[in-house]
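Chain naming follows the written order as A, B, C and D, and within any one chain the residues start at number 1.
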Amino acid sequence: MSSSRVVIHSFESQVLKGNFLNDPSVRRVAVYLPPDYEESNRYPVVYLLAGFTGRGTMMLNESAWDENIQQRLDRLIMTNAIHPLIAVLPDCFTRYGGSQYINSVGTGRYMDHIVEELVPWADATFRTIPERERRAVAGKSSGGFGALTMGMRHPETFGEVACHSGDMYFELSYRQDFIAVLRSIHKFGGVGKFIETFRALHPKSGDFHPILNTIAMAACYSPNLDSAWGFDLPFDVETGEWNDAVWARWKEWDPIELIPQYGDALRSLQLLYIDCGARDEFNLQFGARTFGARLMRAGIAHRREEFEDGHFNVQYRFDVSLQAMSEVWSS
Amino acid sequence: MSSSRVVIHSFESQVLKGNFLNDPSVRRVAVYLPPDYEESNRYPVVYLLAGFTGRGTMMLNESAWDENIQQRLDRLIMTNAIHPLIAVLPDCFTRYGGSQYINSVGTGRYMDHIVEELVPWADATFRTIPERERRAVAGKSSGGFGALTMGMRHPETFGEVACHSGDMYFELSYRQDFIAVLRSIHKFGGVGKFIETFRALHPKSGDFHPILNTIAMAACYSPNLDSAWGFDLPFDVETGEWNDAVWARWKEWDPIELIPQYGDALRSLQLLYIDCGARDEFNLQFGARTFGARLMRAGIAHRREEFEDGHFNVQYRFDVSLQAMSEVWSS
Amino acid sequence: MSSSRVVIHSFESQVLKGNFLNDPSVRRVAVYLPPDYEESNRYPVVYLLAGFTGRGTMMLNESAWDENIQQRLDRLIMTNAIHPLIAVLPDCFTRYGGSQYINSVGTGRYMDHIVEELVPWADATFRTIPERERRAVAGKSSGGFGALTMGMRHPETFGEVACHSGDMYFELSYRQDFIAVLRSIHKFGGVGKFIETFRALHPKSGDFHPILNTIAMAACYSPNLDSAWGFDLPFDVETGEWNDAVWARWKEWDPIELIPQYGDALRSLQLLYIDCGARDEFNLQFGARTFGARLMRAGIAHRREEFEDGHFNVQYRFDVSLQAMSEVWSS
Amino acid sequence: MSSSRVVIHSFESQVLKGNFLNDPSVRRVAVYLPPDYEESNRYPVVYLLAGFTGRGTMMLNESAWDENIQQRLDRLIMTNAIHPLIAVLPDCFTRYGGSQYINSVGTGRYMDHIVEELVPWADATFRTIPERERRAVAGKSSGGFGALTMGMRHPETFGEVACHSGDMYFELSYRQDFIAVLRSIHKFGGVGKFIETFRALHPKSGDFHPILNTIAMAACYSPNLDSAWGFDLPFDVETGEWNDAVWARWKEWDPIELIPQYGDALRSLQLLYIDCGARDEFNLQFGARTFGARLMRAGIAHRREEFEDGHFNVQYRFDVSLQAMSEVWSS
């Protein structure tokens, strides 16, 4: 039996050219090819979306106690826990740490990059089964948000969706970051100074992360190319006074608000899998519960799990979602 | 010179009789009488409102590094920093830790208790100047909220208001407590069990305090005598799903929302003093800033300060507000 | 039945006169006299020692959910849970927050103040049973340390000792404070500046408390009147380098080291009660366990309990120790 | 100009065969070869030692905001900030997360593995300058400890040592982990159960890390093959009672204690570089200061820096130590 392989390809994106943040349009896309790949026929494919501050190739990083994605897929395939598959690991990183896998004038057209560029390329290059029913999208945290958002907006492309600890119920999750911004942005010299200097800052501690996350999300959800920073914030940085109009733009992306709008798409999925840790540090378990309750009320089939853990180091949850996909593909 | 005295009076309230929580209608009200009280003429009076889980008599507690209210007033009067005054320390404690000094069917008519009962009694019993211009109300935290609320609703009674670190901008302050409820209420056996058992619990740690605060505020702001607990919560205790209708009832009490409604009352005050610590643990500094910004826009005179401290052990700020009152009374 | 009374007496100490820290030699000593005191015969007496930053009168402070010492004793006596008793509440506070109830040239002769002054005075003034078998000493935290230390050094005076969450195993408890000193003392301008300014500082937050505690303990355990501050620290304030000689002076007061030296005294007690919370924030549970293990090995009778709580708000544990004393007195 | 390369070699160790923990004796050793490697003559070589829970290949992991070791060395060489060099990245990981790079019967002969196996192999395989004066060892945290320890015990092999945030002054650094063990080991079912189960545990949170670290250090410093776990702990797991004999074995490895013993070796180094973050979470700054103070007193030349950061994500400090080495090599 030949062993699995990871191919890293420099993909020259057209849709990312000239993006607002001047992020590179050439991206290193990693593709996992299962054991015995050459001799076999064709494989289902899963697009695995990295979380905030991540890119696909980082899923190949080694760590002390955990498998990287290649080791994980190898084990799952070798023990027949899952159907052999191809995995595509996109790079949708931005200057601010992530694109949420959406199209935004404030960042770039990352959703189009995946749907219009990577999917056709992968189908043309590797031995995929080029059908929506055998094409899944999965991710964790921002990647889970991306997977779910992709499933809502592109059901013609993806037949299975797995959202692990995905961003949702923004009011409970992002708002605590806003408070950190209000408390601490002056220590970094204000938003403009933060944007200029954050990459070289040492240490990146204190409220660095929630500030960066807020900026990154604003660039995704409420871009404003006429503004000083390229985006609007949903609150006044001095007083904290709320800006309903900006916040309304964010909520247009909050999955818990979007079931009426995308009900048909969600209903058409062969698998809609959602999970979250019961002690998620960003309160995403309440998002998952609320989303689940609303799916139930709308009569939309899905599978939801909650597990005893927090937000970090929960890659082992992919075992569950990949097996759920396999069951769909094998039935 | 005779020294100051504190008189503790058992006040038999009529308006608190039969209150929903079965809290006592007889209350120990402490009254501070300044040095040389007997010989003097008449004095302005300040109603000092304790914070959540406090009652007036607790302001007489001794502590290691700080003065109690008698020592503080003595020093301020003896050094001529403030005008000699009478201070009334009401007890508006409830079974859940506090009444916010408002009338609520879910707790009792605590605002009426002060305005309709304590004020006439104090004027009849002590050598006060029984005029609105010489009658102030001040407090910290829930007491600051109470003072401000009293000023809005009873400008005929109070001429000066001082709100220290007062509850406001509920969305930024109370919501973090709601998350604690969502995360931890099951450890206490649910809301009903918590209500039954919390007083005898040891230890009162973890998320005990934010849970209790949420329950107490709900009893004040969104009582519902037909419900299981006597109040409604603005979120689903399982999923965290938001309840806009209940939340709207809370916002009817949020000072930052009430300037249009009570603009005339606020404008009529001889002193409207607001301060907050720049590192308030409950994010109340953003409430104070937002309230201040809106007062400015409405053209309402006020004095606002921000100081380098958190929410706790900031009794020394009364020095500032009491001096501000004195200036008004002496001018 | 007449109700209980608390008498507060201004005691003019001779032994505290001219103490090194210039703390007052006149102290307000509170004495609890049980219900029906006048008519009764004579009572056993317990000396209750407050914790660090406390003095006896603070045990009379009111709080939201807990009894003060008068309410607690009233309830215990009225329900026949304990034998009626007199309680003496000394004031051994110092400029730095506490004396540990020992004699030190760096603070004052607080042990002598209790043993040589308060005990004879109380026996002469109140209807005590003036016998060592009916005279107990109890306390919490620094007060627990004081009670145990008193029992070791003055078994002729005290027949029962109760040590709640008492300071011991200094290596595990105080050393974490030393690290806080090392990390943060420069933010306060150094030790000398801290000593000059700490009382007026606002806020008293961050590492204020562990720094103060370290200074207070050094004044007690390793005074050095020839030094700049009046005491030596067991570590170099810059590098953290350990000073074995100074540390040896501290260990002369560590209860876990003193069983060989004071074995006879401990053995002579009618009651040696020790408890600690299993989650004590200062790691004192390990001190209690180690002390207990060493008592066992030395064959010294004692009663030890561990309870599910931390270091704070554990006054309810006095119920247990007071009942244990009562059993001794009633047998 | 040809670009740099990283070669990953499966090294079959003889000295690690049959090690007590059954860790693999075949190790993946990464070697960095600088740009233009083929055409050049010979290069100095630095052995870079990973921290606890790390191995050499993890230094190649990608991250959001930082360079991996290849990118870092490329930049430093390309900008002429450092002399072109070869870097060897050993794998001295163990079942418990790390070997401290020492020989221990409780783990394996990791120091010998480097000195007796990797050094001769690297000199035979790559274009190194095979002289002690051109052979450096550097690392961070446990790797910094390893580098310093290596320099003390093998000055014939290494001429330059760089210790970043290295383990030392065990009393201040490891003892806080011991307290975590005492507090929490029962939640994991005891030490034996922890050892059996920790690798598969989810989540690895709470006191997981300090417990693991304590076990790993005990396996290194106080192995005992006749004991239940293969090592002794310096304290009683129940009471916390101290074990001086075991602790003495640990201190035999504490750099701050070893200057008298290894003074000649340290004096012989061409570079002895030490740094630490001023806010190191493990208190290692006090170790570095104490070590520095003692080097001064012993008249041993060294370079010491302290920087404004904590313990984590401080790889950028290698820029400083690598430049210091380069200066030595260029002089």
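Throughout what follows, a residue touches a chain if its C-beta (ideal position, glycine included) is under 8 Å from a C-beta of that chain, and two chains touch if they have at least 3 such contacts.
Remember, predicted model here, so these are calculated numbers, not experimental data.
*Asks:* Suppose you hop from chain B to any chain it touches, then on again the same way; how many hops at least until you reach chain C?
*Replies:* When the steps are counted carefully, the minimum from chain B to chain C is 1.
*Asks:* With chain centres taken as the means of their Cα atoms, state the distance from chain A to chain C in Å.
*Replies:* 57
*Asks:* Where the centres are mean C-alpha positions, what is the separation of chain A from chain D, in Å?
*Replies:* Their C-alpha centroids are separated by 36 Å.
*Asks:* So, what's the distance in Å between the C-alpha centres of chain D and chain C?
*Replies:* Between these chains, centre-to-centre, one finds 46 Å.
*Asks:* Which of the chains are touching one another, listed as pairs?
*Replies:* Result for touching pairs of chains: A-B, A-D, B-C, C-D.
*Asks:* Mind pulling up the chain B residues that touch chain A in the complex?
*Replies:* 169, 171-172, 175-176, 179, 182-183, 236, 238-242, 279, 283, 286-287, 289-290, 292-293
*Asks:* Touching chain D in the complex: which residues of chain A?
*Replies:* 53-55, 57-58, 61-65, 93, 97, 199, 202-205, 277, 308-310, 313-314, 316
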